Amino acid sequence: MIKAGIVGGTGYTGVELLRLLVAHPEVELTVITSRAEKGIKVDELFPNLRGRVELAFVEPDDAMLKSCDVVFFATPNGTAMKSVPALLEAGVKVIDLAADFRLRQVEDWERWYGMPHVCPQLLTEAVYGLPEVNREAIRKARLVANPGCYPTAVQLGFLPLLEAGAVDPQSLIADAKSGVSGAGRKAEVNILFCEASDNFKAYNVPAHRHWPEIRQGLMAMTNGLVDLVFVPHLTPMIRGIHATLYATLTDPNVDLQTLFEKRYVAEPFVDVLPPKSHPETRSVRGVNQCRLAVHRPQNGKTVVVLSVIDNLVKGAAGQAVQNMNLMFGLPETAGLKEVALLP
Amino acid sequence: MIKAGIVGGTGYTGVELLRLLVAHPEVELTVITSRAEKGIKVDELFPNLRGRVELAFVEPDDAMLKSCDVVFFATPNGTAMKSVPALLEAGVKVIDLAADFRLRQVEDWERWYGMPHVCPQLLTEAVYGLPEVNREAIRKARLVANPGCYPTAVQLGFLPLLEAGAVDPQSLIADAKSGVSGAGRKAEVNILFCEASDNFKAYNVPAHRHWPEIRQGLMAMTNGLVDLVFVPHLTPMIRGIHATLYATLTDPNVDLQTLFEKRYVAEPFVDVLPPKSHPETRSVRGVNQCRLAVHRPQNGKTVVVLSVIDNLVKGAAGQAVQNMNLMFGLPETAGLKEVALLP
Amino acid sequence: MIKAGIVGGTGYTGVELLRLLVAHPEVELTVITSRAEKGIKVDELFPNLRGRVELAFVEPDDAMLKSCDVVFFATPNGTAMKSVPALLEAGVKVIDLAADFRLRQVEDWERWYGMPHVCPQLLTEAVYGLPEVNREAIRKARLVANPGCYPTAVQLGFLPLLEAGAVDPQSLIADAKSGVSGAGRKAEVNILFCEASDNFKAYNVPAHRHWPEIRQGLMAMTNGLVDLVFVPHLTPMIRGIHATLYATLTDPNVDLQTLFEKRYVAEPFVDVLPPKSHPETRSVRGVNQCRLAVHRPQNGKTVVVLSVIDNLVKGAAGQAVQNMNLMFGLPETAGLKEVALLP
Amino acid sequence: MIKAGIVGGTGYTGVELLRLLVAHPEVELTVITSRAEKGIKVDELFPNLRGRVELAFVEPDDAMLKSCDVVFFATPNGTAMKSVPALLEAGVKVIDLAADFRLRQVEDWERWYGMPHVCPQLLTEAVYGLPEVNREAIRKARLVANPGCYPTAVQLGFLPLLEAGAVDPQSLIADAKSGVSGAGRKAEVNILFCEASDNFKAYNVPAHRHWPEIRQGLMAMTNGLVDLVFVPHLTPMIRGIHATLYATLTDPNVDLQTLFEKRYVAEPFVDVLPPKSHPETRSVRGVNQCRLAVHRPQNGKTVVVLSVIDNLVKGAAGQAVQNMNLMFGLPETAGLKEVALLP
């Protein structure tokens, strides 16, 4: 059994990670820390875990964390980087669900996250945890930067097109819609029920921190410059991301359906739907799955990709478990076989 | 492996049964029938099952059903009774998720369901599938009448009080609130998104078919007459029932918390919360669990019980699987160990 | 034109009051105060008011408020009582939408609200602003205590029964369900979209501050003791209260439908539905209306009343405007003639 | 008073039209027809209209309709065209809220709507009722084709850019999200609460009937060919459309904010938000308003316009009333002055 610890498990990615790890056949959850909630039993905060998790939140404790095989950080940005070097040194593998190790250039990171990075030397060692792109590197990694939710949905949608050179990398538009859980479990007025329900809006159109992360990933796929417009929106549902992607085709004769099917034929967690399909976010609710469909309206010059994930699973905790499975030589799908809850 | 068939699996209890059986370690799903959808692949109708169910819907077929060990009916009321006698004769065990075998008196059944019953002799043989009341009888049953969703939530809430004689059975009020999935997957205007969302209403206050079912169960607990007022409401959520139960105490000194905890201490699927708790429907979303809390406001003469279930799981498909486990001598919790999806 | 001021208009009752006053033909809005938001334009906080309200929030300012004809307090409990005496002395009429003047006994108020009352002498002068009960007193009042949302829905539902002596006042149960806006526009985790949507729960079952307010009102109707059980619930919708009321009939021959219709025949804002009806909260969305239906299930001893209001209108801002109309001798329906938004 | 009739008022545009006309100071509603609901009182179907509309639905009746000054068609596509010629001949003005007169080319119409057009000669006479483009023609029109909901949001967003030649008309993308009421009040499974809530999906990506309507409008603005990709999505809210529009700038120095503000400065129902804004659909809930914001992310080559309307108001019934006001020489804002309901 792999001994797992969680730092900062009081948010939505934290409770989702708990839900998945509790059911994982090869994992024993040994410690979960939270400064704010120390002493509180986990199942008091999250009643769905009653009878399944007996732990209480404890103060962050180096000794306990160092005795783990793997530690997950489900903390605000800027927290993990303070503890990661010591954990790696102690031989613990680390998966950061926040953004501390997602950008490779320290200047980029510091500009977008507005603080100095305390262990920039780890930015190049950290492996970006998108298994469909970096599977082999993840297997060998000590430190995995788990991708953001939007970046997962957008990159998986553009990947076959960019790898094949089928679209102009200067023409990329990602119009993305997220459920409200993407904003976290924070006491803020703008995500109150009465503000976010029966309402739809874009946000952060001038600049969003996932833009440089996505662009970095897309550039790696195409080995060149990328022009990306990224517009995130808030939609009144709990879970789910729907990314609608647009790009200009370079080759009018490419068989888009085959391109996508071939690229993902061996991927356990990416599902290409039949032609003319429209994936629904609820079809992946609670599961580690990306569902894709590819269209070419009016047989024109623009390809449209529809990409859905559960932002808390394939966009966060599920992908973290998938990465853990790879890092520990387990079957990639271990603990990730649930069926989506529908309706 | 138990060979299981489903008749009429195109509604919400059907897809939920599929979700649970697909993940059940001891069950092989061999046939699923639907006259309306014959030839359609199951995962075309329910995209959450892509990659997990390869079956297509077939026309109801006696031979195929007779080769099953167990057949579940997830059909409209009045359908199962036509096929059940022949299946039982062929040695197949049957679990009916509809209402055909829930009432013991044929006159009651015919009055409330508005049609003649075609196999009234089975009404007394059928075991009412509430394991917390009828566990031993279910183990030996050939035919189980799976309880309705409201009846499950209401009966589990009143059970400790009535068995102990702690309340006046002439004083029972059940104010119940259901998510919209309780109304089924039917093309009806009143359950459209634009009719049911951002709205709350009572319905069927003059008479609801679950009233005689609940009353029959409560009378068995108290061995006498029961005066029950039952008011169902529609609440804008997908899954979940919250029953708020009121009764007049006969003994002002009873320790209500202890009464409930003792009654359910050994029950795997009933969870009594600590004093002063308020169970949330989402804490049981997707799982076979009933959560209860008991209150006595202002220390007065009225006890208030709060009871929540997922209407599609403990109120339908999950309870059916629990019954199947009992009927086949499996561990009662087999295939029913998921953690509720929260948020 | 009546010059109106609002103290503390940054919550949901505040914006609703703004929406109604802006459209009121006899009112000029002259000042709106908020310590936290001073300097911010009102339409920046509430974009629905763009082009309709040019004011900005200002610091509470005695001179400006004293130049008003009427001042509305849409503040947290305990705020209005500090300013009301001086305003009354200056000849300003006051309508308090909070609870500072709702209870007549100062000991009750201090126990339930947990602070000393600074102007207890006004508790007996203040008129409880439920026009269907206190219309004449409201016309002459300097100070109106606008009722709570639950108390409005519950009292209007029980009123005909208690006045007529048709039910046992020791048998009252109010099972009430509220939309989330009833909890206010506060940055609190438990009313986040991801906590409150797709979920249903009771809360404050041991004790809720509206219980003494309701009980005080019901006792005035019956001139005697009342035994009331009050259970509030949170339901995933923005606006609306649905109160389901239960009481034991004292006279089995009473004609309930006629009793209700007669009591409310002249009331502009109470609508008794035909027999066997089920009022929906959305039928009063955005309007100053209470809709009622009365049932007697199984022709038994228990009467069931269904009562719906919009908690922000008839349960708060709309009732405040209705009270203002009465206090200033305007037609009672002035500014309150909108049609509910459906769907 | 203008005598107004409604044909087919049982859907959501019908009830919205009723809500607006009931409150219109210059309109008397004289007849409302519905074959399916004849004899039913309007307020029985739509309880928000209790006490405000005394009419019952009647069978379509030529004489009654011909005595109206204006007749609104809120019927399925293909219905209005059968009755309009006779009404026009009788001197009645007609506003069609369906699509019968929206496309100017009969071949286009017949291809997209799949039936022969019975009065093609009226296609060129009919005025497309987008007042911000065709105000003068609407004033003189006998027959107005009220625009579709998506077309209204999309055209108002692109209009300043195309008129000014600021973008390449071959580069237009409209990613549009609609509330569920856009699908109408029809008994269909895919718009049930349990299918559409907590879910997000695109639909009709290969082809949607609003595509040719939008393209026709955009071509008129630019006097040339237009390449438009239009992707509609269903979002779990009742009302509202959010169109996110993308186009490639032709002039990198254009002042986008000024361009939009100037174009709409005199428009009563189009509101350009300040720079860096994100309009919310709820800010126009229930009102005849379009709110726009214009962005240029990363100061790049792509302009992003955010456009919101209430699909039932500015996208249907409200725009119809605005058109009626113009056709009858009334103030354009008559009956359209409500404040949006928020929250």
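In order of appearance the chains are A, B, C and D, and numbering begins at 1 in each one.
Assume contacts are C-beta pairs under 8 Å (C-beta built on N, C-alpha and C of every residue); 3 or more make two chains touch, one makes a residue touch a chain.
From a predicted model like this one, the values you see are computed outputs, not experimental measurements.
Student: If you tally the C-beta contacts for A-C and for B-C, which one comes out higher?
Tutor: B-C
Student: Which one of the chains is farthest from chain D, going by Cα centres?
Tutor: Of all chains, B has its centre farthest from that of chain D.
Student: Determine the centre-to-centre distance between chain A and chain C, using the mean Cα coordinates as centres, and give it in whole Å.
Tutor: The answer is 45 Å.
Student: Could you give the separation in Å between the centres of chain B and chain C, each centre being the mean of its C-alpha atoms?
Tutor: Centres of chain B and chain C (C-alpha means) sit 39 Å apart.
Student: Could you check chain B for residues that touch two or more other chains and list them?
Tutor: 12, 181, 185, 194-195, 197-198, 236, 238-239, 279-280, 282, 285, 343
Student: Could you please specify the touching residues of chain C with respect to chain D in the complex?
Tutor: Residue positions touching the partner: 12, 15, 19, 22-23, 46-52, 181, 185, 197-198, 238-239, 271, 279-280, 282-287, 291, 337-343.
Student: Can you check the complex and tell me which residues of chain D touch chain B?
Tutor: 12, 180-181, 185-189, 191-198, 236, 238
Student: If we count contacts the way the header does, which residues on chain C are in touch with chain B in the complex?
Tutor: Touch residues, chain C against chain B: 173, 175, 177, 179, 194-195, 197-203, 205-207, 211, 227, 229-231, 233, 235-240, 242, 244, 246, 276, 278-282, 285, 295, 297-298, 300-302, 304, 306, 308, 343.
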